[in-house]
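A short write-up of the structure that comes next.
Chains here go by letter, A, B and C, matching the order in which they are written, and residues are numbered from 1 within each.
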Amino acid sequence: MDDNFFVRLKGRRVSNRFVRRFSYITSLSLFFLFALIVLMLSTEGIPLIREVGLKGVFFDKEWLPTEGKFGLFNFIFASFYTTLLALLFSIPVSILTAIYLSEYLKKKVAMYFKLIFDVLSGVSPVIYGFWGIVVIVPFVRKTIQPICEKLFPCRIFLSDNKSGFSVLSASIVLAIMVSPLIVSISEEVIRAIPFEIRQSTASLGATKWEIIKKVLLKRARGGIFAAIILSFSRSIGETMAVLMVAGCQIKGTPISFFDASYPLPALIANTFGETMSIPLYKSAIFLASLVLLILTLLGNFIGWIILLRIEEEQS
Amino acid sequence: MGAKCPIEVNNLKVSYKKEEILKDMNLTIPEKGITVILGPSGCGKSTLLKCFNRIIELEEDVKVEGEIFVDKEDILHPKTDLIALRKKMGLLLQKPQVLPMSIYDNVAFGAKLHKKMKKNELDELVERELKKVNLWDEVKERLNSSAQSLSIGQQQRLCLARGLAVEPEIILGDEPTSALDPLSAEIIEKLFLSLKENYTIILVTHILRQAKRLADYVAFIYLGEVVECGKKEEFFNNPKDERTKRYLSGIIAG
Amino acid sequence: MKKIEESIFKFLMVSSLVLLIMALLSITIAVFVKGYNALSLKMIFTTPKGGYYLGKEGGILNAILGSIIIALSATILSFIYSFFIVFYINVYRYSKSNFSKSVRFLLDLLWGIPSIVYGAFGFAIMLIFKIPASMIAGIITLSFVILPIMARTMDETLRMIPFELKQVGFSLGATRLEISYKIMLRQSLPGILTAILLSFGRGLGDAASVLMTCSFSDSLPTSLLKPVATLPLSVFFQLSTPFKEVQERGYASAFVLTFLMLFVSLIARLCTKSLSKNVVK
C-alpha cells in the first residue's frame, strides 16, 4: 500500500472523528433542550406558587389578575372536561373503526382508509377550528341544544349560553381530530397479533366476532390503552381548534355541555400578550404552560412505554 | 504444509452476550489457493470469517479474545488500522448486497474511497474489474443503471468485482453461492478457481461437493471448535477425527 | 343470538368508519366551498388594506408569503439539526444501543409536547433576551416544534436499512462518515424527503407557536426582526371578527392553507417513488 493511501486515510479519519464528535454533541444537546424547556417554564411559573400557594393556584376558582387572584381551577377543570368528553365520543368510534379496518378489510383497502386519515390528521388545527365554526357550532346551537333542552331538562343539558360555542362543540372537534391517531395505533396493534392465535381459536369453533371479542381485544388492550393515553395528551394540549370553538369566557366552572369552556391552552394563547407588565400574571401563564407540559409528558411517557414494551415482546 | 502462512489463528474465543460461540480455536491458513471452511449450520463459520476483517465488532455485545496473525501482525490488537485491514480483505456475503447506486458506482465505490482517481482511471478500473468477473459484456451498455436491476447471480458477481477493485490480498466468501441458481453458482465457482493463483481465498460452505470441487485446504469446524484441518486429499480420503468421518458420511447433518 | 350480536357490531363498525370519513370529508368540503367563493386573484396577490388589521379590502399575500418563509426556514433549521442526530444514533452508534433508544424516546416525548408550550418556551426566551415578536423568533420556535417530527421520521427510514448494507461499507474500508453520506443517505433519500415534506406541512399548519412568537402583520414579510403574518393565524384572527369582508379573507386563507398542505403531502408521495430508483430492497 502506497503512501498516498495513508496520507488520504489520515484526512478521512480526521473528518470522520470531527463529525462523530460534532454529532455526539448535537445528540446530547437534545437532552439539554428538553431540560431547558422544563427549567424555563419552572423558573417563570414557580414564583406564583410561592406567592399564592399550591392551593390558591390549583383549587381557587377565581381568576382576577388585576386583584391578584390566579385560581387555575376552572381552566384545568375545563381542560379535563372537554378532553374526556372528546375521548368519550372518539374511543368507541375509533376502536370499532380500527377493528373493521384490521379484521374485515383487506390490508390494501385498509391502507387507503388509513391514508385518508393520515393526510387529514396532518391538516392544520386551525382548519379543524374553521370547520367547527362553520359546521359544528351552528349545528349545536340550532339543533342539538334546543332538542336536548326539551328532552332532558337537567343541569348538564341546560345553559344560558345559547351561542353554540361550548364544551360540546370543542369536544366534537377534538374527537374528530384525535380519532385518526387512535384508529391508526389500534389498527396496527390488532393487525400485529399473530395469525396462529386467530387460527387456533377459530379451530375451536369460534366465530369471527367471538375471536375479536374474546381474543384480539384482550391481546390488544395494552396497545389500545396506549393509543387512548396518547390521544388524551394530544387533545389536552390542543390549542387553536379549541380556542376557536369553545367560547372561552371566564364565567365560572363549566357544568353543562352547552356552557362555554375555557381550557388551559386557550388561556395561554389568549392572554400571553397582555401579561408582560404584571409579574404574577406572567408567572401564571407560564405556570399554566408548565401544568400542560407535565400533563402531556406524563401521558406520552406512559403511552410510549407501553408501546415500546409491546414492540419488544413481538421481536 | 509447504505454503507460507499468511493467517494464523491462535486461541480465538468469541462470545455473544455470555454465550460462547467460538471456543479456543486454532487454525493456520496457507498463502494463495482456496481454503474451505466446512461445518454444519450454526457452528460458527460466519463468525470466524467476520473476525478476519473485524466486522464482528459491529454487532452489539460481542467479545473477541485471542490472536489472529496476518503477515505476522496481530490484527485483533487494539492498535490495528481497521481500514487498512479491511482494504486487505474482500468480503463476499451470502446474499449479494449491492449498494444503492449505479453499476459503475458500485464497482468504483471502494476504490474511490482509498485513492484519488481521475475519470479515465476509474473507467479503466471498472472495465478491468468487471472483466475479471465476466460481467463486462453483460452490463457495458448500461453501466449507469441501478445495480438493483441486475439478476441475483449478476449482483453477486458485481459484489465480487466491487471487492476486487480495492485490491485486496485475501478474499473471504461466506457461502457466496448459496442464494444463487446453479448456473450462476457455477460461474462464481469458476471465478474462484481462476482467482486462486493471485489471492488467498477463504471460503465458507456447508456443501461437501462444492468443497471437493474448490478446496486446496479444508478446515472442519464443529460446535465452535476446529476439529480437523489439512490438505484436501488427506481430509477427504483419510480423515482422522471421528467427528469428521461422521460428517463426511452424512451422519452429522450439514 | 350470536349472529345478531355480530351483525349489530358489524353495523356499528361500518357506521363508525362512515362517520369518521364523512366528518373528514365535510371538513374538506367546508373549506373548499367557503374558500372558493372568497377566492380571487386579488385575494391571493394583494395585502390587507383599508385599515389596521380590520381593513375591509385587500387579500392575503402577506400571510401566504409569511407562512411559506417561516415554515421553509424552520424546516431547513430542524433538518440540519436532526440530520446529525439521526445519523449519529444509527451509524455511529448501534441502532439498538441504549443511547440511541433513549434519544429516540426523548424525541417521542418532545413530539408530544403541545406547540403552545413550545410557544411559551420561545416566549420565555424572548423575554430574557428582550427580543420582540418577530419572524426570527417564530422560525426558531417553529423549528423546535417540527424537530421531533423530522428526526423521528428520518430515524424510522434509517432504522429499516438492512444491516448488511452497513457491513458492506465497512468491509470495503469506508469510515462511518463515508458510510453515512455515501451509502445510508442514498438508500434513505426517499424517506428523508418524506420527512422533510411532512415537517414542512406541519410547519405550515402550526399556529400556536407562531401566535406567541411572531404575532401578525398586515404588511409583507421584509425583515427578520419584525412581526410577520401566517396563514393559520390569518384564519384564526379574521374569522373571529364580526366583519364579513374580513371573514372572507379568513375563508380564503383556510382554502390556501388546506390546499398547500394537501399539495405538499401529495408531492411527498410522488417524489418518494421517483427517488427510489437506486434504492436496494
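Basically, contacts are C-beta pairs under 8 Å (C-beta built on N, C-alpha and C of every residue); 3 or more make two chains touch, one makes a residue touch a chain.
Here the structure is a predicted model, which means the values were calculated and not measured.
**Q** Need the most distant chain from chain C, centre defined as the mean of C-alpha atoms.
**A** The chain farthest from chain C, judged by C-alpha centres, is B.
**Q** Tell me which has more C-beta contacts between its two chains, B-C or A-B.
**A** Here the pair linked by more C-beta pairs in contact is B-C.
**Q** Please list the single chain whose C-alpha centre lies closest to the global protein C-alpha centre.
**A** Here the chain at the core of the arrangement is C.
**Q** Return the distance between the CA-based centres of chain A and chain C, expressed in whole Å.
**A** 17
**Q** Taking each chain's centre as the mean position of its Cα atoms, how many Å separate chain B from chain C?
**A** Spacing between the chain centres: roughly 47 Å.
**Q** Quick one: chain A and chain B, Cα centre-to-centre, how many Å?
**A** Result: the chain centres lie 53 Å from each other.
**Q** On chain B, where are the residues touching two or more other chains?
**A** Residues 83-84, 87, 113-114 of chain B each touch two or more of the other chains.
**Q** Can you pull out the residues of chain C that are in contact with at least two other chains?
**A** As it turns out, chain C has residues touching two or more other chains at 175, 178.
**Q** Which chain A residues sit where two or more other chains touch them?
**A** Chain A, residues with two or more chain partners: 12-13.
**Q** Mind listing the chain C positions that touch chain A in their complex?
**A** 2, 5-6, 9-10, 12-14, 16-17, 19-21, 23-24, 26-28, 30-31, 34, 81, 84-85, 87-89, 92, 99, 103, 105-121, 123-125, 127, 144, 175-178, 180, 198, 201-202, 204-208, 211-212, 231-233, 235-236, 239-240, 250, 254, 257-258, 261-262, 265
**Q** Looking at the complex, which residues from chain A come into contact with chain C?
**A** 12-13, 15-16, 19-20, 22-24, 26-27, 30-31, 33-34, 36-37, 40-41, 44, 92-94, 96-97, 99-101, 104, 113, 116-117, 119-120, 122-131, 133-135, 176, 179-180, 183, 207-210, 230, 233-234, 236-240, 243-244, 265, 268-269, 272, 276, 282, 285-286, 289, 292-293, 296-297, 299-301, 303-304, 308
**Q** Under the definition above, what is the set of chain B residues touching chain A in their complex?
**A** Touch list, chain B to chain A: 81, 83-84, 87, 113-116.
**Q** Under the stated contact criterion, what part of chain C meets chain B in this complex?
**A** 94, 96-97, 162-175, 178, 182-183, 186-187, 277-281
**Q** Chain C touches which residues of chain B in the complex?
**A** Listed in rising order, the residues of chain B that touch chain C are 53, 55, 58-60, 83-84, 86-87, 89-91, 93, 95, 97-102, 109-110, 113-114, 146-148, 159, 162-163, 166.
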